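Once you scroll down, you'll see the structures, which are given as structure tokens.
What follows is subunit A paired twice: with subunit B in the first complex and subunit C in the second.
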Partner chain A sequence: MIELLIFFFFAAVAVIFALVVILHRNTVVGALSLVASFFALAVMYVLLDAPFLAALQVIVYAGAIMVLFLFVIMLLNLQHVSEPATRPIQQFLGYSGSAFFGIALVYYIVKYTVLQLPPGPFLSDARLIGVALFEAYIFPFEMVSILLLAAIVGALLLSGRGGQAPSPVRTEVAR
Partner chain B sequence: MTIDRVDVVLEVVKILLVVGLLLNVVPIMVWVERRGSALIQDRLGPNRVGPFGLIQSMADALKFILKEDVIPLQANKWLYTLAPLFGLLPALTTIAVVPWGRPFFIPTEVMYGPRVSGACIVGAAVTAILAIVVAGGTAKYHRKPNYSRLNFTIGAIVATALFLVALGLIGVMFGIKAAGALHLPGGGRLFEPIIADVNVGILLIFALASLSVYGITTAGWSSANKFSLFGGIRASAQMISYELSLALSAVSVLMVAGSLRLTDVVAKQTGYFVLFDSVKIPAWNCFSPAIWLAMIVFIVSAFAETNRLPFDFAEAEAELVAGYHTEYSSMKFAMFFMSEYIAMTTMSALVVTLFFGGWDVPWYNEPPTLAGFLLSAIAFLAKVGFVLFVFVWVRWTIPRLKYDILMKIGWKVFLPLAIVNIVLVAWFIAERWI
Partner chain C sequence: MIPTSWFLVLSAILFTIGVCGFLTRRNGITMFMCVELMVNAVNLTFLAYARQFHQLHGLIFVFFVMAIAAAEAAVGLAIFISLFHHRETIDVDEANLMRW
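== the complex of A and B ==
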């Protein structure tokens, strides 16, 4: 009973703040709402007996990624960005396209996942998750790490002004 | 698992106790900070209100409540108002997974005897002496030329309250004597002095600690002040950098304990390292040859994570007026103040739990009784108090770094050191040395 109440409260929080993210004009408010939405999502994981996943959700998404987002938004000072006007056809395509994908997503989730969900508890222990990652799923795990490494190298290359590492002298001048 | 009424009552008692203690740490720490800084700088510090200025913090709190609450015209009112809460809530909730004493079996009944009456009389005597000291101090300053009526009133109220507590303790003693024995409803069950013993304990702490930066960042942005904005931006960059080394240095401890649960981390430290078959050293992680490096990284990162000098770049009075809370006044400012000290206390509790044996009393095995629990809780509080004093000590000893140096040592020194320590611990574990 209490679990159900908690679920509906945080489900409402997640949905409302997700709507605020896309509807509010202020980017900082949007970023903070996304944090609230992520937090509500973490509560869902707790209700699903997966506290490990919930903690990681908050640490990685709410605590790290969104802080960087907020950092960039504040640094660029994107407070009063006016959106360029959109044509009606663009609006129609946008709304209908996202509605199509949303309906398709709900349909397939209902059809294939929810009905066959194994009864919990899920992988809630850090040890079990570690064993699964490093034994059964070692190949995808390593692939993801290589992908991230490639992304980091790419970001460094792009920010390094024509492929050169920024020398200390040059940053001094830039400052 | 069934939940009965006694469990709920015990849980509520635990929460009230811990939150009450945390909130009361704030005025005490403000006093320690001001008097401690005075001691270090060879000044007197606030010594007018009450004995040794102990009640100064209460006068300060009253002042905060009575001040006008200003919201800047250009500020984003909602976020400006909510920002102090964003900071305070994570700071208050993090302590829930930290164990603060030895688990013990609640006695079924307390018989009236010399131990009960002795405890009540000693407690009453101590509170009565405190009350007399406060009353005497208040009366003494009453005669001085620079006395204020507010301070006098506060001193009188505190003294009266202490007297009432002393009388209450005597009353409890006679009550138990009249009844013969005090029957406890939760008798026989195990009392675990931790609010939530979850199996992802330390991760929960890092999750909530990582949210605490939003208070500072939001405050900085919503104030519509360039100094505040700089403070907020600095705080977010700093937190991201130091959270990594903080979490990675904690990993070493978790590898030794083999669990994310903080009660397991403490249980692992209650044993002994035996040197030369004769010298027994408590198996606290700070004495472990594999972990001291992580301990240094963790404690320094904790300073950065709680925005304390030498890493308080979000405030940086010399550069940013008052940083993120430049525009804040009244209780909103006081809430930032509170969250700083509460976060500091939580960090100290975490340092003690991870590296200084938690509630463990060295060279002594506490029995699982009420006395053993009290002893271990006092040991825990004493250790936390010491780490808190180190926080104050460092603040008034080491000057603020430069911001680029902060970033440099975060990424280029502490992060590699934490990773090196993980490899070191893995080696020790593989060789079965620990």
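== the complex of A and C ==
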């Protein structure tokens, strides 16, 4: 019973803050709402017997990725930039198309998903995930680490001004 | 125990909100946040089915999706910083150099 109340409360929180993300004109408000939505999703992960991934959701998503977003918004000074109005045809096609898509998706989930939950608790602590990650999934794990390294190098290259190295004088001043 | 389909419906609603925002907004960073919303909706589906079938593979996939979303966010935001340096805007309609 208490589980149901928690589910509905945090599902409503997640959906409402997701709507704020797409409807609010201010990017900073959108980013902070997305953090709130991610926190509500972390509660969902706990309800799904995955507390380790809930912790990862809070640390990696709400902690690292969204701080990166907020940092870029503040860096580019975007909080005062007003977004021009979208074309009416794009608004109409976007809203009606996604509404149709969503209604079809929910309809077919409700119609065809009749799955009985298996008995017994689902064990998914950090130890089991670690064993699976370093035995069966060791190759994808290494690939992801190489991908993250490539992303670091790519981000450094892309965000430098025109790709030129900072002059030694400016580096001295910065120190 | 909460049925799996309720989580799937919540995931579908969040995914639809993400699609809607991606189609109707023109601010590059907001569009990027909508992509993150869609990624999270898919993560919720992975976890719901992982509990349904008592399999750890769904959890491992969520782990990988999080790592790749982090890489994507880093590179994508660097692209927007670069775009802002060149064009003084992050409106995606202004970035039309490679249009036919």
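Everything below uses one rule, namely that the second predicted complex is superposed on the first by the 128 of 175 C-alpha atoms of A that agree within 3 Å, B and C clash if a C-alpha of one lies under 4 Å from a C-alpha of the other, contacts with A are read in each partner's own complex, and residues count from 1 in each chain.
In this text, a contact is a pair of C-beta atoms (placed from the backbone, for glycine too) under 8 Å apart; a residue touches a chain by one contact, two chains touch by 3 or more.
The structure presented is a predicted model; accordingly, all values stated were derived computationally and were not measured.
A.B. asks: Which holds for A:Pro51: it touches subunit B only (first), subunit C only (second), both, or neither?
C.D. replies: After superposing on A, A:Pro51 lies in contact with subunit B but is clear of subunit C.
A.B. asks: Of the two partners subunit B and subunit C, indicate the one touching more residues belonging to subunit A.
C.D. replies: Of subunit B and subunit C, C contacts more residues of subunit A.
A.B. asks: With both complexes overlaid on chain A, does A:Asp125 touch subunit B (first), subunit C (second), both or neither?
C.D. replies: first
A.B. asks: Is A:Leu75 in contact with subunit B, with subunit C, with both, or with neither (first, second, both, neither)?
C.D. replies: Both subunit B and subunit C are touched by A:Leu75.
A.B. asks: With both complexes superposed on chain A, which partner does A:Ile16 reach: first (subunit B), second (subunit C), both or neither?
C.D. replies: A:Ile16 sits against neither subunit B nor subunit C.
A.B. asks: Using the touch definition from the top, say if A:Val28 reaches subunit B (first), subunit C (second), both or neither.
C.D. replies: first
A.B. asks: Can A:Val67 be said to touch subunit B (first), subunit C (second), both, or neither?
C.D. replies: First partner only.
A.B. asks: Could you list which residues of subunit A make contact with subunit B in one structure and with subunit C in the other?
C.D. replies: 52, 56, 64, 68, 75, 124
A.B. asks: So in the complex, which bits of subunit A are touching subunit B?
C.D. replies: The touching residues are 26, 28-29, 32, 35, 39, 42, 51-52, 54-56, 58-59, 62-64, 67-68, 70-71, 74-75, 124-126.
A.B. asks: Could you pull out which subunit C residues touch subunit A in their complex?
C.D. replies: 1-10, 12-21, 23-27, 29-30, 32-34, 36-37, 40, 43-44, 47-48, 50-54, 56-57, 59-60, 62-64, 66-75, 77-82, 84-85, 89-91
A.B. asks: Taking the touch rule as given, give the residues of subunit B at its contact with subunit A in the complex, in rising order.
C.D. replies: Per the stated touch rule, the residues are 76, 79, 198-200, 203-204, 206-211, 213-214, 217-218, 220-221, 229, 232-233, 236-237, 239-240, 243, 247, 260.
A.B. asks: Quick check on the complex: what are the subunit A residues that touch subunit C?
C.D. replies: The touching residues are 3-4, 7, 11, 14-15, 18-19, 21-22, 27, 30-31, 34, 37-38, 41, 44-45, 47-50, 52-53, 56-57, 60-61, 64-65, 68-69, 72-73, 75-76, 78, 81, 83-84, 86, 90-91, 93-95, 97-99, 101-102, 105-106, 109-110, 113-115, 117-118, 120, 122, 124, 128-129, 132-133, 137, 140, 144, 147-148, 150-152, 154-159, 161-162.
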